[in-house]
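Both complexes below contain chain A, partnered by chain B and then by chain C.
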Partner chain A sequence: MSVERFSYDNQSPKLFALATIFWGVVAMLVGLTIAIQLYVPALNLGIPYTTFGRLRPLHTNAAIFAFVGNAIFAGIYYSLQRISKARMYSDVLSKIHFWGWQLIIVAAAVTLVSGITTSKEYAELEWPIDIAIAVVWVVFGWNMIGTLVKRREKHIYVAAWFYIATFVTVAVLHIGNSIELPVSFLKSYPVYAGVQDALVQWWYGHNAVAFFLTTPFLGLMYYFLPKAANRPIFSYKLSIVHFWSLIFIYIWAGPHHLLYTALPNWAQSLGTAFSIMLWMPSWGGMLNGLLTLRGAWDKVRDDPVLKFLVVSITAYGMATFEGPMLALKNVNAIAHYTDWIPAHVHVGTLGWNGFMTFGVLYWMIPKLFKTKLYSKKLATAHFWIGTLGIITWVIPMWWSGITQSLMWKEFTPLGLLKYPNFLETVLQIIPMYIIRSVGGTLYFVGMLMLTYNLIKTMKLGSFAKNEDAEAPALVMGENKLRRGMAHRWLESKPILFTVATFIVISIGGLVEIVPTYLIKSNIPTIASVKPYSPLELQGRDVYISEGCNNCHSQLIRPFRSEVERYGEYSKAGEFVYDHPFLWGSKRTGPDLARIGGKYSDMWHYLHMQNPRQMSPGSIMPEYPWLLENRLDVESTPAKISVMRKLGVPYPEGYEGKAIADLNKQANSIADALLDNGIIVEPDAEIIALIAYLQRLGTDIKTKVAETK
Partner chain B sequence: MKNIKTYIWAILGFFLLFFSSPIFAESNSGGNTAEAIIEVIVAVTVFFVAFILWLALVYSEKNDFEGKTFLQPFKNFMQAINKSIPIEEENKILLDHDYDGIKELNNKIPPWYNAIFVGTVIFAVVYMINYHVIGSGNVQEDEYAEEVRLAAVQQKLLSESGKLIDESTVKFVDDPAALANGKEIFIKHCAACHGLKGEGLVGPNFADDYWIHGNTAKDIFKTIKYGVVAKGMPTWSSQLSPNDMQDVGSYIITLRGTNPPNQKAPQGKLYKYDENAQKGAEDKGKKKNI
Partner chain C sequence: MFKNILKSVEGTDTFSIIAMIVFFLFFIYIIYRTFYMDKKVIDKMSHLPLEDDAEDLKTNKE
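For the complex of A and B:
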C-alpha cells in the first residue's frame, strides 16, 4: 500500500474564520442597535438607512449568512479535508467561494439599507444577488463533493453526511423560493402569490433554520467535539437514525409558521404533526454529542472550548424541544406574533450557533497558527459573560411575549377587549426590551473579548498556507453490498449519497406545495377581491421597501379577540393578487390587514410624519422622507405588465392608461389633504402609501355587508 | 422479550405525560392554557435550578471525577436508561472506524429514545386522523364559531340584566366622577384628532354649536359607538365600554362654549342646545339658564 504525500489548504479555513469574526461583530452591533431602537425610536437618527424596517433584515441576514455562514465554511474547509485525508478539490474554487460569498454579503448590506428588498424573510435579497448566491453555492458544493470523490478515506464520516445535506437542501430551497420575475435591475415580484407564496416562503424559512443553522452545525459538532474531548462518538447507529429521520422530517414542518392563518387546514395539521415527530430526530444529535463526553466531563471544567460546546449542544436541545411545543396549535395561538418567537430563535442562534462557533474558533485558530490560545482565562470569562448574556436576552422576551399575548386576548366581564388600544400592550413590555438589550450588550462584549483573544493568538503563532500530510492511497477493493451493512456501503459512494439525500428532502415539500397549486378548493376565490390600482401597487412597494412587514402583520387569525380588535379574520381568497404575500411574522405594532378606512388620510399623513402626534408613546420611527420623496411613476407600466404575466387580471393594454389612473387617484388624495390644510405633492411617496393602506382589507368588507 | 416490555411502558408513559396535561387540548381560549404554560415553565425552572445545584455539588468534589458520592448514582442512572456499555468495557464495541483520529462506538440507541420517537409518530398519525379523516377535532373555523357563540350567549345575559347601556338608554351624566372619567378617555383616545381641549384638528370642533351628526347625548353616543368610518371616525364599540362611551359623550357636551384657543372652523349645521334633551326626561324639573 503506497503512502501518498499531500498538503491541507489552511488558507481557506483561516480566511473564513477571519470573516466570521468580522461579520459577527457587525451582525451583533446591528442587532444591538435595533434592540435599543425599540425603546429609543430616535436612534435611527432620522434617516431612512438606519431605520428599524431596513436594519432588521440586515441583522438577520448578517447573523445567518455572514456570521454563521462563514463559520460553517471555516469549519467545513478545516474538517472536510481531514476526515477525507485529501486537499480541497480546487484552490481556485475555494477562492471563488470565499470572495464571492463576501461580495454577496457586501451587496446585501448595501441593498438592504437602501430599501431594496423582496420582503421575504431571510430571502430579502433581490434577483441579481439571488443568482450570485446560487452560483457561489454551487461552487461550494462542487468543491466539497469533488473533495469527497478524490478522498483517501474509504468511507465518508457522519460530519460529511450533514455537510452534503446542507449543500443539497439549501440549493433546492434557495432556488425554489427565489423564483421571481424582474421588473427592473433591482426590483422583482415572486411568481407565487398570497397563500402559496406564504407556504413556499416558510418551507424555505423554516428549512433555512434546519439546513443552514442546524445540519452544518451538527456536522461541525461531529468533528470538533470528539477532537476537543478526545473521546469516541457514542453511537454510530444513532448517527444513522437521527441523520435520515432529521432531514426527512424537517422539510415537512414549515407550515407551523402559518398556524391559524388562511393556509388550508390540512397543511397546517401536517406542519404540527411533523413538528412533533421532529423532536427525537433533533435530540439524536444532542444525545450523541453529550454522551460522547462520557468520561470527559472533568475536561469541561478546565477547557473553555468544551464549555462552549456543551452549552451550545444544551441550547440546541432546549430549542428543539421548545420548537415542537410551539408547533402545537394552542401554544402557537399564544406565542405567534409575540416576542416569544425571537426568544426561541435566539436560544438557537446565540446558544447553539454562536457558542458552537466560538468553541470551534478557540480550538481551530491555535491549531492553524501552531500555538496555544493567548488567554484561557479570557476565553473562560467570555464563556460566562456570553452565558449571562443569553439568559438576560431570552428570559425577558419569554415574559414579554406571554404578557403581551395575554393582554391581546383579555376580555372584560362586559365582553369588551380589556386593552383595546394596542399601544397599551406595547408600553407594558418596554422594560423587557430594555433588559433584553442589556443581555445583547453582554453577549456583544463577549464577542469583542473573543476578537482580542484570537488576534493576540494569531500574533503569537506562525501560519503556513499549506500543512503537509500523508495517507495511504484509497483502495476500494471489494465493496459489495452486504446484508446489515447497507449504510456502510452507501458511505463509500458520495455521489449516490448526495442523490439519496436529494430524494429524501424533496418529498415533504412536494406533498405540501404541489396540491395548493393543483387543487382549486384549497384557495376559495372571492369575487369582490380586485387587483390593486396602479397607485396602490406603488404604495405597496413603498411599504415593502420600508420594511413595514417587519413589525406589522397582515393576517387576522380566527380568534374572537382578533376579530374584535382588527375586523373579520383573513380569508385565503383575499390574497390572490399579493405578489409577494405580506403576512409578516411579528406584531411589534398592530395588524394592518384591515387598516383600510379605519383612519382618515390626514391621520395617516400626520402619523407617518411623527407617530407620536397621533399615538403618544408609540415606538414607531418617524418617516419624514416619505413626505418628500418622489414616487418613480415611470416604473408603473413595467410593474403592471409583470403582474399580468404572473396572472393578475389587468386588462390587455392597461399599461398605457396606468399612469393617468395613478395621477388621478393621487390628485384626489392630495386635494382632500389640502382641504385639511396639508400641502403635499401628489407624487410624494406618502400619497401612494396612504392609497395602499386605505385599500387594505376593504374588498371583503363590502362583501360581508352585502351578505348581511 | 424484556425489550418489548420496556417499549410498551415507555410509550404508555409518553402518552400519559401528554394527555394528562391541558396543554394538549386544542383550544385557544386564553385562561387555562396560559396557566398550564406558566405551570410548565415554573416546573422546568425548578427542575433546572435543582439540576444546577446538583452540578455545583458534583463539582465541589475536588478533582474527584471517579465520582464517589454524587456522581456515581447519576452515572448508574444514565447507564441504566441508556443501556449503554460502561466506559471501562467500551473497547468491545469500538468500531474500526477512524477519521482523523475520531473513533466510533457501537452503542445501542437508548430505548427511551426509540420509545418517544415511536410515540410521536403514533401521535402524529392519530392527530391527522382525528382532524382530517374522522373530523372529530375542531378545525379553526369551527373553533372560532364556537368562541363567538359563547360570547353571544354571555352578551345576551348581560343585556337582559340591564347592565349594558345602549343608544336607547344613554343619557347625559353630570356627576363629577363620570365627567372626570370622560375627560381621561377623551385625552387618551379623542384628543389626537379632536384636540386636547376639543378645539378640533383632524376631527371637528366640539366647543362651538355646529355639529355634523347631532348634539344630543344619544346622537353623540351613536357617533362614538358606530363611528363614521367614511370620514375617518373609528368605531369605538369594540374599544370602549358603554359606560365609558356615555361618560366621554357627556364630557364632550360640557366642552360647549369653553372657547379654547386655535378653534377649527365650524363644520356641519348649527344646532340649538337643548338642556332637557341632553339630561333626559327625568331631569325635566331642574331648569338652568342657558
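For the complex of A and C:
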C-alpha cells in the first residue's frame, strides 16, 4: 500500500478563527448597545446610523453570519481535511472564500447602518451583496466537495454530511428568498408580496436557523466532541438517523413563525405538526452528544473545553424543546411578538452556538499553534461568567415576555382593556431590560477573556501554515477492474450525496410554497384594496430604511384583545401589493397595521421629531432628521415601473404622472401642517412617512364605512 | 392526523400526501439500512476522528 505525503492547510482555519473572535466582539458589542437603547433611548444618539432600527439588523447579521459563520468555516476547514485525510481542494478557493466572506460582512455593516435594507429578517442585504454571497457560498461548496472527492479515507464521516447539507440548503434558501427586482444599484423589491412573501421569508428564516445555526454545529459537535473527550461518539447509527430525520423534518416547519396570521390555515397546521415532530431528532442528537461523555464526567470537571461543549449541547436540547412548544398554537398566542422569542433565540445563539464556538476555539487554537492553552483557569472563569450571563439574559426575557403578553390580553370586568395604553405595558418591563443588559455584559466580558487568553496562547506557540501528514492512498479491492468502478463510485459519492440532500430538502420546501403560488384562492382579494400612491410608496421605503419593522408589527391577530386594541384583524387580501411584506416579528412598540387615521398628521410629526413629546416615557428613538432630509423624488417612476412588473396594477404610463401626483399629495399634507403652525418642506421625508402611516389599514376601514 | 390537516387544502392535498408518503418510505429505508449496517464499518467510522494525526496521539497519551 503506498503511503502518500501531503500537508494540511492550517492557515485557513486560523484566519477564520481570528475573524470569529474579531466579529464576535463586534456583534456582542452592538447587541449590548441595542439592549441598553431599550431603556436609554438617548443612546440612539439622535443620528440615523445608530438608531435601534438599524443596529438591530446589524447585530443579528453580525452574530449569525460574521461570528457564527466564521466559526463554522474555521471548524469545517480544520475538521474536513482531517476526516478526509486530504488538504483542502484548492488554496486559491480557500483564500477567495475567506476574503470574500469578510468583504461581504464589511459591505453588510456599511449598508445596514446607512439604511440600505430589504427589511426581511436575516436577509436584509441588498441585491448586489446577495449576489456576492451566492458566489462566495458556491466557492465554499466547491472547495468542500472537491476535498471530499479527492479524499484518502474511504468513508465519509457523519460530520461531513452535516456540512454538505448546510451548503446545499443554505444555497437554496438564500437564492429562493432573494429573488428581487432591482430598482437601482442599492434598492430592490422582492418578487413576492404579502402572504407569499411572508411564507417564503419564514421558510428561509426558519431554515436559516436550521441550516446555518444547527446543522453545521452538529457537524462540529460530531467531530470536536469525540476529539476533546478522546472517545468515539456514543452511537454512530443514531447519528445517521439523526441526520436524515433532521434535514427532512426541519424544512417543513417554517410556517410556525406565522401562526394566527393571515397565512392560510393548512400551512399553519403543517408548520405546527412538523415542529412537534422535530423535537425527536433534535433530542436524539443531544443525547448522542451527552452520552458520548458517559463515564467520563470526571474529565468534564477539569477540562473547560468539555464544559463549554456540555453546556452548549444542553442548551441545544433546551432550545429544541422550547421550539416545538412555541409552535403550539395556544403557547404561540402568548409568546409571539414578545420578549419570549429573543429569549428562546438566545438560548440557541449564546448557549448552543456561542459555547460550542468557544469550546472549539479553546481546543483548536492550541492545536494549530502546537502549544497548550495559556490559562485553563481563565477559560474556566470564562465558562462560569458566560453561563451566568446566559441565565441573566434569558430568565428576565422569559419573565418580561409573559408579563407583557398577559397585560396586553387583560380585560376589566366591564370588558374593556385593562391596559389600553401600550406604553404602560412597556414601562412595566423596563427593569427586565436592565437586568438583561447585565447578562449581556457578563457574556461580553467572557468574550474579552477568551480573546486575551487565545492571543496569549498564540504568542506562546509557533504556527506553521502547513502541517505535514501522511496517509495511505485510497485503494479498493484487488481486482483492477472492480477497483476502477468502486473508485468512481466513491469519488462520485459526495456529489450524489449532495444531490440527495437537495432533493430531500426541496420536497418540504415545495409542499409549503407551491400551493400559495398555484392557487389564487388561497389569498382572497379584496376589491377596496388599492395600490399605494407614489408618496405612500416612498414613505413605505422610508419606514423600511429606518427599520421601524424591527419594533412594530403590522399584523393584527384574530384575538379579542388585539381587535379591541388595534381594530379589525388583518386579512390576507390586504397585503397583495406589499413588496415586501412588513408584518414584523416583535412588538416593542404597538402594532401599526391600522394606524391610519388614528392620529392627526401633526401628532405624527411631533411624535417622530421626539416620541417623548407625545408619549412621555416612550422608548422609541427620535427621528429628527426625517424632518430635514429630502426625499429622492426622482426615484419614483423607476419604483412604479418595477412595481407594475411585479403585478401591482398601476396603469400603463403612470410613471409619467407619478411625480406630479406625489407633489400634489405632499403639498396638501405640508399645507395642512402649516395651518397648525408647523413649517415643513413638502419634499421632506417626514411627509412621505406620514402619508404612508395615515394610509395603513384604511382600505378595509373605508369598506366598512361604505357598506354601512 | 395529517390527512385531516392536509384535507383543508383544496387541490393540494394529493400533492402533499404523496410527498409525505415518499418521506416516510425514505425514512423507513434509512432506518432499515442503518440498522443492518456492518458493525465493523460502524466501528471504523466512529473512530475516524480519533485517528487523525500523530500529534494527537501524543497529547492524548499524556
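Heads up, the rule we're going with is that the second predicted complex is superposed on the first by the 689 of 708 C-alpha atoms of A that agree within 3 Å, B and C clash if a C-alpha of one lies under 4 Å from a C-alpha of the other, contacts with A are read in each partner's own complex, and residues count from 1 in each chain.
The rule we apply is simple: a residue touches a chain if its C-beta (ideal position, glycine included) is under 8 Å from a C-beta of that chain, and two chains touch if they have at least 3 such contacts.
Small disclaimer: the values here were computed from a predicted structure and weren't measured.
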Is A:N676 in contact with chain B, with chain C, with both, or with neither (first, second, both, neither)?
-> first
For A:L328, select first, second, both or neither according to whether it touches chain B, chain C, the two together, or no partner.
-> first
Should A:Y236 be classified as contacting the first partner (chain B), the second (chain C), both, or neither?
-> both
Could you tell me if A:P281 is touching chain B, chain C, both of them or neither one (first, second, both, neither)?
-> first
Please name the chain, chain B or chain C, that touches the greater number of residues in chain A.
-> B
Does chain B (first) or chain C (second) touch A:I507, or do both, or does neither?
-> second
After superposition on the shared chain, which partner residues are touched by A:W384: those of chain B (first), chain C (second), both, or neither?
-> neither
After superposition on the shared chain, which partner residues are touched by A:W244: those of chain B (first), chain C (second), both, or neither?
-> second
Given the touch rule stated above, what does A:W99 touch, chain B (first), chain C (second), both, or neither?
-> neither
Once the shared chain is lined up, is A:F185 touching chain B (first), chain C (second), both, or neither of them?
-> neither
Chain B/chain C common contact set on chain A | 79, 82-83, 153, 155, 157, 159, 222-223, 226-227, 232-233, 236-237, 241, 245, 265-266, 269-270, 273
Residues of chain A touching chain B in their complex?
-> 79, 82-83, 85, 153, 155, 157, 159, 222-223, 226-227, 232-239, 241, 245, 260, 265-266, 268-270, 272-274, 276-277, 279-281, 283-284, 287, 291, 294-295, 297-298, 301, 325, 328-331, 333-334, 398, 402, 406, 409-412, 414-417, 420-421, 558-561, 563-565, 569, 597-603, 606, 613-616, 676
Which of the residues in chain A come into contact with chain C in the complex?
-> 79, 82-83, 153, 155, 157-159, 222-223, 226-227, 230-233, 236-237, 240-241, 244-245, 248, 264-266, 269-270, 273, 367, 370, 467, 469, 504, 507-508, 510-511, 514-515, 518-519, 521
How about chain C: which of its residues touch chain A in the complex?
-> 1-2, 5-6, 8-12, 15-16, 19, 22-23, 26-27, 30-31, 34-35, 37, 41-42, 44-50, 52-53, 55-56, 60
Can you name the residues of chain B that touch chain A in the complex?
-> 23-28, 30, 33-34, 37-38, 41, 59, 63, 65, 82, 84, 87, 90, 94-95, 97, 99-110, 113, 116-117, 120-121, 123-125, 127-128, 131-132, 139-141, 143-144, 147-148, 151, 154-155, 158, 163-164, 188-189, 192-193, 202, 229-232, 234, 238-242
